[in-house]
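Take this structure first; my questions come after.
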Amino acid sequence: MKQYLKNTWYGIWTVLIGMKITFKHLFTPAVTIQYPDVKVPLPERVRNRLYVNIDDCIGCDQCSRACPVNCIEIETVKSLPGENLGTTSNGKKKALWVTKFNIDIAKCCYCQLCVPPCPTECIYMTDVYEFSEFERDNLVYKFANLTEEEAVEKKSNYEKFQAEKEASRQVGAAASAKPETPVKTQQENKNE
Amino acid sequence: MYQFLFNLSGSEIIATIFTAAVILVFILLFVLFAVWFERKVSAHMQDRLGPMRVGWHGVLQTIADFVKMLQKEDIIATEADRKLYTIAPVLVFTGSFAAYAAIPFSSKLLGSEVEVGIFYLLAVSSFVVAGILMAGWSSNNKYSLLGAMRSAAQIVSYEIPTALVVLSIVMLTGTLSLEKISQLQTAYFWNWNIFGGPEFSLAKFLLIPFMFVGFLIIYISTLAEVNRTPFDIPEAESELVAGYFTEYCGMKWAMFMLSEYANMFAVSAIVTILFFGGYQSPFGYLGNSIGAEWLVPFEQAFWFIAKGIFFVFVQMWLRWTLPRLRVDQLMTVCWKYLIPYAFLNLIIVGFISLL
Amino acid sequence: MKNPEEIFELLKKEFPEAILGIDKEAPTEPIILIDPPQIKTISLFLRDNPELRFDSLMVLSGVDDANGTKVKDEDGTDVISGGTLSVYYHLHSVYLKHKITLKVSTPRGNPQVESVYNVWRTSDWHEREAFDMYGIIFLNHPDLRRILMPYDWNAGYPLRKDYKNPEFYQGMKVPY
Amino acid sequence: MALKTETMILNMGPQHPSTHGVLRLELELDGELIVNVKPHIGYLHRCFEKHAEAMSYPQVIPYTDRMDYLASMYNNFGYVIAVEKLLGIQVPERVEYIRVIMGELQRIASHLVAIGTNGLDIGAFTPFLYLFRDREKILSLFEMTCGARLLYNYMWVGGLSHDIHPDFVRLTKEFINYFRPTITELNNLLTFNKIFIERTANIGVLPLDTAINYGVTGPSLRGSGLAFDIRKEDTYSIYDRFDFEIPVGQGLVGTVGDSWDRYYVRILEMEQSLRIIEQAIDQIPDGDVKAAIPKRIKPPKGTVYTRVENPRGELGYFIISDGNLNPFRVKVRAPSFVNLEVFGELCKGHLVADVIAILGSIDIVLGEVDR
Amino acid sequence: MGLLDKEFSDGNVVIAKVDDLFNWARLSSVWQLGFGLACCAIEMMATSASHYDFDRFGVIPRNTPRQADAIIISGTVTLKMATRIKRLYEQIPDPKYIISMGSCANCGGPYWEHGYHVLKGIDRVIPVDVYVPGCPPRPEALLEGLLKLQEKIRNESLRKKTV
């Protein structure tokens, strides 16, 4: 019988305590951040959307090797010896045309493993988090600044240059049977 | 109200239709308000803001929900029993809507002065049980069957403590009609039944603790009758997905929600009439003091609705504080705790009323 | 509190022919090799012997040793044939606070190991997972069926080194 | 002739509001009483072990985050300790201290979600939101240091990805003072609430010897009365420098080892984690966190098995390396996977509503169960 | 057969006005099916918690597919789960929308290469309306995804698309 009364009293008492707490919270100010009108500034180390400063990129492929998900595709074409591709911001001379630099941000897992290995720090994570799309394909970001035909043109004159070198080596090999002519062809080759 | 319309139109049919229409409009408006009110109360209790973007502070939220539900496709499961499936929500709504016929909103606005008001109310609430069982059985889904069984058992077993407490009040006031009970508890709150009733005598002071116990018992059991936490097992999301209305969608489900909120107000109306002086105002009538007799009924209606909404607020307050009881615990609370206390209360009130 | 060498000596004395040896030189933990049919009796002994009291099996992991020969099957991809699949048992005593690792190797053709379900109940799902991922059959296990993969997955055992993705599964393209 | 009744199979499908993700429970019911529970898992099997074999050692860390996504800091911690033991490198003191602080903060955050969802399953919606509001404060601490809210990739092999933020120490102290009173508020609102006690006391009692035989670890085992905590057992990292007790279930409201005990042990553990953070936050030595990170990780041929005290139990990493850049085999002993096995045993003879209460009290995360 | 089977052919003022009302109602009370898969589900819970409050936009988690309007696919969809999601999708009454939250739901995310049991993107099983990238996306990103969905609903119309 005593347990019976204790149960009733304990039940009513704890219900009242609970109601007191929730009633107190009725008047504490809400902690909600009203998102579309109030945008909270994010801390500076935040990891959201990837951005690549393509002018600084020397096409060294470090970031795509470090990425566990392989969502960075880079295609580079060797530049001809004479061509001048300008230098990156910290003065490193660029030697490769970056014809294709795609990041499939839908696959990316935002782990920031690609940022440390980049020698020129051209890939980093910005704090932009509003980039949802209606189409899945818009999530593949193309950072390369060469247009299609420029890329094709670069590739073709590199093949032309390759074929030329191949031909001159045949000529050189054939000429090596007759020793006196090889030296000149190498020279001519270099300063072309 | 009915009398006034009867003289006006001369034919009963138009009068009854019109009074019913007034009360139906009140219920629809109340439900629109109550759904928004519940979401705002629950939000602010949880330190968040609730609907904000749909009108000033989300005022149009319920209208948006209602119009959206109009556009929903109406899926009826193939094996579902089509006829029962469609009648169930209608039956549940009639159950709760019929209860309003006997509730006196003010001395003038009264559905029908029926002599056996309280008795009629208790009888009519069993429509809801039939409707719920029909819904649970006809949607041919294990979850709804379990949910319907549980809620039927719950509502039927919680009618007994309600009836017992009502008996103790009827013993005190001597009448069954809600109209007279409200009239007895004339102005000034110390004449309310919760404070021992109108006559000024020793019995009044003895009654106060037992009236308070009676109020607690009837409030808890009417909570269970309306399936609100901590007794909302039928729609216990975590166990039975959504109880008996798992298969209902669009407007049929809206009908269930409509009847739930209408029931909430009906039940809190009963509690106000029995214990808190129905439409009597706690501080006397402004109308009397400044001599404008026609103002009094409107004041009475205002006070009645204010008290009803306060008790609906307490129901919501309980919902967002307490966890849920298990089915067998719910039965033990009813049979082993509420009913013995209600009997004891009845006997003691009986003795005191003999003094 | 016994270190693994003492436990190995004790076991060697108890089951001379079942214990195949202890391999100590690889870093961080000595492993006791055991011959597959005897694993159940040894485990019972390890659990019930008052000095050892290994009452909890921490983890049971299947491993594809990939030490068979690479051979080309019909559509050109290489399949490992021969070699062994092995099962590692990491045991731990809650009261005497010492740990031991057992290893059992079975041929890749029909990998069969005695189930230790009756010794430690926790091995129930671990063994089902080893079966699901490697195809190691655990003899008299209560209900040996796939646990992680869909029950009707008939494209082989995924964690083997020579596993190939099926083209379709119930109408959904599997590879990217 | 006894009335022939047959049991009803109720399927609590993968989409169920309270099964903590995608777990399918096949309940065999006799009326409302449970005859047998058969959990079906594998709906979130994301092939972690296949990925671990195809990636180099540092690249596996983001995948360990995604296994137990409520305590990803501790998943990194376990993996990183295993690889460091294999390589035999010793990390600087500063890294050890920061790892312990981050691990304990993550334990509090994970327990907050565990307690919140346990209350949510029983119907108390408000405490769940209060706890999530407090958890947001811990998440902002993590976001300030490593930039991510939930999956951090913060602990690297041999060090950390970022040093702690300059005002991290001040904000952590603020959090500790803010958080203590909210625990008492939670206790008043939910823990000692009669209805909550009614729903969890004497439900799903786990006797100690079946717990050990089933390999149950963590708060579920400590709820049954055994003070078994790997931070004290194996004393990995520098946990031996801090003094903290291991809370154990005493059966205050029901028998020892019921759902309420497992729930209450988690609340006491949060208190202990606060004590550890308080002791550790003042003694952080200075130094460079990236000093011991090797350029190329090629561990020698061999095996290692280390275990850490994940908020859900004993998280073990068994790594076999055959000497080249990718691990040969990484097997994870996930605590939720093992704790879920005992679930069928706990539910026999209870009601359908108790299944949810028991599942909430053993606190599983499906990402870890299915790996 | 919903009201929106787009069989009204000519656009006139009445249709335009009714459009706005229906669209406004549909977009301001999107009821999401309360079900999460993996890590993104935790961020979805954080979004419906007090700090970011989904309820401000009129979004309530509903338990049965019958009463839901939208599913937020939050987490990795495995092959074993994909058949279940397809059946859930079919249970929802007609004007329904899908938000694919997180890299895993968009295209298989970090598991696209070696995940033998992972479905490479939910759009292979059900049509998706909005892709929210992120792993896991911040609660604000999910809210922005919802705003984009509301924008899309605002432009829907009863008129048959005269293509």
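Chains: A, B, C, D and E, in written order; residue numbering restarts at 1 for each.
Here is the rule we go by: a contact is a pair of C-beta atoms (placed from the backbone, for glycine too) under 8 Å apart; a residue touches a chain by one contact, two chains touch by 3 or more.
If you're wondering where the values come from, they're calculated on a predicted model, not measured in any experiment.
Common neighbours of chain A and chain B, by the contact definition above: D, E.
The fewest steps needed to get from chain C to chain D, moving only between touching chains, is 1. Interface comparison, B-D against D-E: more C-beta pairs in contact at D-E.
The most distant chain from chain D is B, comparing centres defined as mean Cα coordinates. Ranked by how far their CA centres sit from the centre of chain A, the chains are topped by B.
Here the chain at the heart of the shown protein, by mean C-alpha position, is D.
Between chain C and chain E, the centres computed from C-alpha atoms are 44 Å apart. Averaging Cα coordinates per chain places chain B and chain E 37 Å apart. Chain geometry summary: the mean Cα position of chain B and that of chain C are 64 Å apart.
Once the centre of each chain is set as its mean CA position, chain A and chain D turn out to be 33 Å apart. In chain B, the residues touching two or more other chains are 43, 45-49, 52, 237, 241, 320-322.
Under the contact definition stated at the top, the residues of chain C that touch 2 or more other chains are 148-150, 158.
For chain E, the set of residues touching two or more other chains reads 34, 49-51, 53, 56, 63, 80, 108, 110, 112-113, 116-117, 135, 138. Of all possible chain pairs, those that touch are A-B, A-D, A-E, B-D, B-E, C-D, C-E, D-E. Of all residues in chain E, only 1-4, 21-22, 24-26, 28-29, 34, 49-50, 53, 55-58, 62-64, 66-67, 69, 91, 93-95 touch chain B in the complex they form.
Interface residues of chain A, counted against chain D in their complex, comprise 7, 10-11, 14-15, 17-18, 21-22, 25, 31, 42-43, 45-47, 66-68, 109-113, 125. Taken together, the chain B residues at the contact with chain D in this complex read 42, 45-48, 142, 146, 229-230, 232-233, 236-241, 320-329. Residues of chain D that touch chain C in their complex: 41-42, 45, 47, 49-50, 53, 85-86, 88, 210, 212-215, 226, 228, 233, 300-305, 307, 314, 316, 318, 320, 329, 331, 333, 337-338, 340-341, 370-371. Here chain C touches chain D in the complex through residues 26-29, 31, 55-59, 61, 63-64, 88, 90, 94, 97, 101, 120-122, 124-125, 133, 146-150, 158-159, 161, going by the rule given at the top.
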